[in-house]
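My structure is below; once you've seen it, I'll send some questions.
Which chain is which? They are A, B and C, in the order written, and residues in each are numbered from 1.
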Amino acid sequence: MALTDRTGEGRASLPPWIKTTFLTLGSIAVTMLGLLFVTFIIGRVMPIDPVLAIVGERASQSTYDAVFEELGLDKPLIVQFGYYIWDVLHLDFGTSLLNARPVSEDIARVFPATLELATLGIFFGIVLGVPLGVLAAVRKGSWIDQVARVVALVGYSMPIFWLGLMGLLIFYGILGWVGGPGRVGIFYVDVVPPVTGMILIDALLDRNWDVFKNAFSHIILPAALLGYYSLAYISRMTRSFMLEQLSAEYITTARVKGMSEWDVVWKHAVKNIRVQLITVIALSYATLLEGSVLTEIIFSWPGIGSYITTALLSADMNAVLGGTVVVGLVFILLNIFSDLLYKVFDPRAR
Amino acid sequence: MADQTFREWLVTDTPTSRRHAKLSALYQGWLTFRSNTMAMVGLGILLLLIVVAVAAPILSPHDPFVQDLGNRLAPLGSEGHLLGTDSLGRDILSRLIYGARITLYIVALVALIAPIAGLLVGTVSGYAGGWVDIVLMRITDIFLAFPRLVLALAFVAALGAGIENAVLAISLTAWPPYARIARAETLTIRSSDYIAAIRLQGAGAFRIITRHIWPLCISSLIVRVTLDMAGIILAAAGLGFLGLGAQPPSPEWGAMISEGRRFILDHWWVATMPGLAIFTVSLAFNLLGDGLRDVLDPKAGE
Amino acid sequence: MDTLLDVENLWVKFPTRQGLFDAVRGVSFSLGRERLGIVGESGSGKSMTGRAILRLIRPPGIVEADHIKLGDDNLLAKSEKEMRAVRGQRISMVMQDPKFSLNPVMTIGDQIIEAYRLHSAASKSKAHAKSLEMLRAVSIRDAERVMRAYPHEMSGGMGQRIMIAMMLIPNPEILIADEPTSALDVSVQRQVLDIMDRLVKERGMGLIFISHDLNLVADFCDRVLIMYAGRVVEVCEADKLHEATHPYTQGLLNSLPRLDMPTDRLEVLERDPAWSEVPSVSGRA
């Protein structure tokens, strides 16, 4: 009797956060493993002979066999998968077949470009999308609600690569207001030392205003484009979350207290949608980080999206798989981060 | 007079048979839907699209594949070519009209494959529970963790470029959300009393899933599919744009934009027109989806 | 007795597809330093009456009245901004379920302090001290801990006492209690009522007690308005409720089991459509 009591106590004394942490870590590990498995299978299914890609068409059978063995292709699939995981854990994605450099180095170079673009994009999306959604909910049925609805509908329906082309045509080709494709103009390439890999920040660190201005004129159009797409989604979701909160009883309580409508909305209602908003924002940030493939191609932006696509089109499998794993990892990390923020903003989740 | 009584028969509060009740409910839904102007506009555009696709040979002024290098990149409104010609002198309007067939083909195939796959996985997962559920949902999560376009790209690259493979790739990335929805619905339905009653009458799992759970999942799936259509069209166009979807000389809209991209600064209409076509059709699907949601799934509406 | 509130010919209307729906139809009453009960079944317009006084009916709802006088001020003539000085400070309201009427993501302390500071220039520390004092006044023992807690950590009874503390902290003249105990366990209902009663008496406030529970109201209030279909059908002193003459009130009374008059079968309330056609009875004291 006393014994069972003690074990019960012992279990209770284990802080609950340890258990949740273990559960979260376990689920991340499983998802990650699945991600690797799928990329591994895609790599094996690809109708490209990795040996042939290395040794070339005219290699002798013995060279071919040597490389075949070196790559571990003679081993059973499960062993090959083991090797693959081992390599990935060491951040070793193999060498690019295209330029013979380690894929991890390539990714370290292109990822900051995507990060810079996506971050600026999501910044536009949040700064404009959240207030628009809140206003649309507060003034439900008014002209601003209609405008928000049209903005979102057009955003959901417009092919991004086409809108990008039109943007380039109008703002670069005709009006000349912004820089063209690429991250900076040709005279500004490699002027500032790459510290973070994000040109805007590097230029600031170097106090080189010319580069900053030029880089900004290049990033503004693609970032605004990505921002518009996340704005459409964020404003729509914000609106429906807000409508749900505005009909809640605690809102009446705040009004009964004699609070101004502005404070009721921004201090009480908005506080209650933070958790849901975080999920939405994390999701669209993840989409921008991974899915800006088309935008990057239109704007010749040397980010991870165009890296993966170029690699795909030239059958550089190591680069494709490496890029995909990194993107998947970013997605999972963002999910964990938003889970953590939950606990900060919602006392009920603690 | 007969018309009047039929209408009254439809809107009655006291249906006389199951079919009567069903028809009446359908009619009431149609009335709600019809009062939504935007949704009707969407429906109109889509019906028009189907007509255009079916009657393409009659409607198009030129053969979409015939080149006329002497008359390449003709501007809008030039003689015989209302929307001008592309870099090989092909009539853009005719290509757009034939392109409607490809768009409908892709949409119809994806709309068949993805929701059915999702429905299967979701209902089995939700009904079976236990480790089957855990395994299936983990797989769903893994697919969700992938960047959709990149995954589609990888599959197309693995299977080879082409319209059928593009459809397959898009379906592969599109099914997980349907599985999630179907599973959630199944979980609520599974524990309801009438399912228990059916089970007591000796119905097996297969019968319960196909006859009692699937019909109830359908309406939320239809709404979701309609709302996803726009995304499917955009994804297909994106693949076409990257050269991984329909192959030239096929008049697929995304591929047409890709062709026109090279001349965007001097001959803007070549890329603009197909873009407008894509925009119009996906907008129509979005409008229709909004309207359908209001009718079929009022809870989810705002 | 001095009159705190005087309502004359109050109407609350909502547009529907079938035209305007009248939720409250020509209600008049006055409130002194007393406990006025408003009883009726759901949909009788009793809650709407309470909310209309605070002008909380949001568009497209319409509130009309000859006047709603708080002292000498006609509330209907006030701008929205002037109304904010009335809400909380002069008229306050406690709602049904503390689970929903407290903001789930703010600490209880922050919510009470906010209620106080909206109507006073007091410093944060003074507001904090005042809030602690108020929590103790509603019989909350470890007030310091409760201040830091979140609503979901409170029981229903605690939550409602917190709500009362929050609504009384600016020291209003009138408290509207809209079904304040309906969501609570029977065991704590009485306790919450006693606390509310004590505070209202100590401060010389007027109380409008809205409830569907006839016995509770008869027990707790001084005067009772009985509402049916948006109208006041009968007004009487609470202790003379059993002498009520209106068939609706009698029906309500007869449909309740009584220990002192056991019957084999309770009566089913018969509703006469004619009741909703007769003009409202004035509820003036």
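Here are some notes:
Please note the rule applied: a contact is a pair of C-beta atoms (placed from the backbone, for glycine too) under 8 Å apart; a residue touches a chain by one contact, two chains touch by 3 or more.
Every value quoted in this text rests on a predicted model; they were computed, and no experiment measured them.
The chains touching chain A as well as chain C do not exist; no chain touches both.
By number of C-beta pairs in contact, the leading pair of chains is A-B. Taking each chain's centre as the mean of its CA atoms, C is the chain most distant from chain A. Measuring from the averaged C-alpha position of chain B to that of chain C gives a distance of 53 Å.
Look at where the CA atoms of chain A average out and do the same for chain B: the two points lie 26 Å apart. The set of chain A residues that touch two or more partner chains is empty. Considering their complex, residues 54, 56, 80-81, 84-89, 92-93, 95-97, 100-106, 114-115, 118-119, 150, 152, 163, 166-167, 170 of chain C touch chain A. Those residues of chain A that touch chain C in the shared complex are 248-250, 252-261, 268, 271-272, 274, 345-348.
Of all the residues in chain B, the ones that touch chain A in their complex are 138-139, 141-143, 145-151, 153-155, 157-158, 160, 230-231, 234, 237-238, 241-243, 254, 257, 261, 264-265, 268, 271-272, 274-275, 278-279, 282-283, 285-287, 302. Interface of chain A with chain B (complex): residues 30-31, 34-35, 37-39, 42, 45-47, 153-154, 156-163, 165-166, 168-169, 173, 239-240, 243, 287, 290-291, 293-294, 297-298, 305, 308-309, 312-313, 315, 320, 323-324, 327-328, 331-332.
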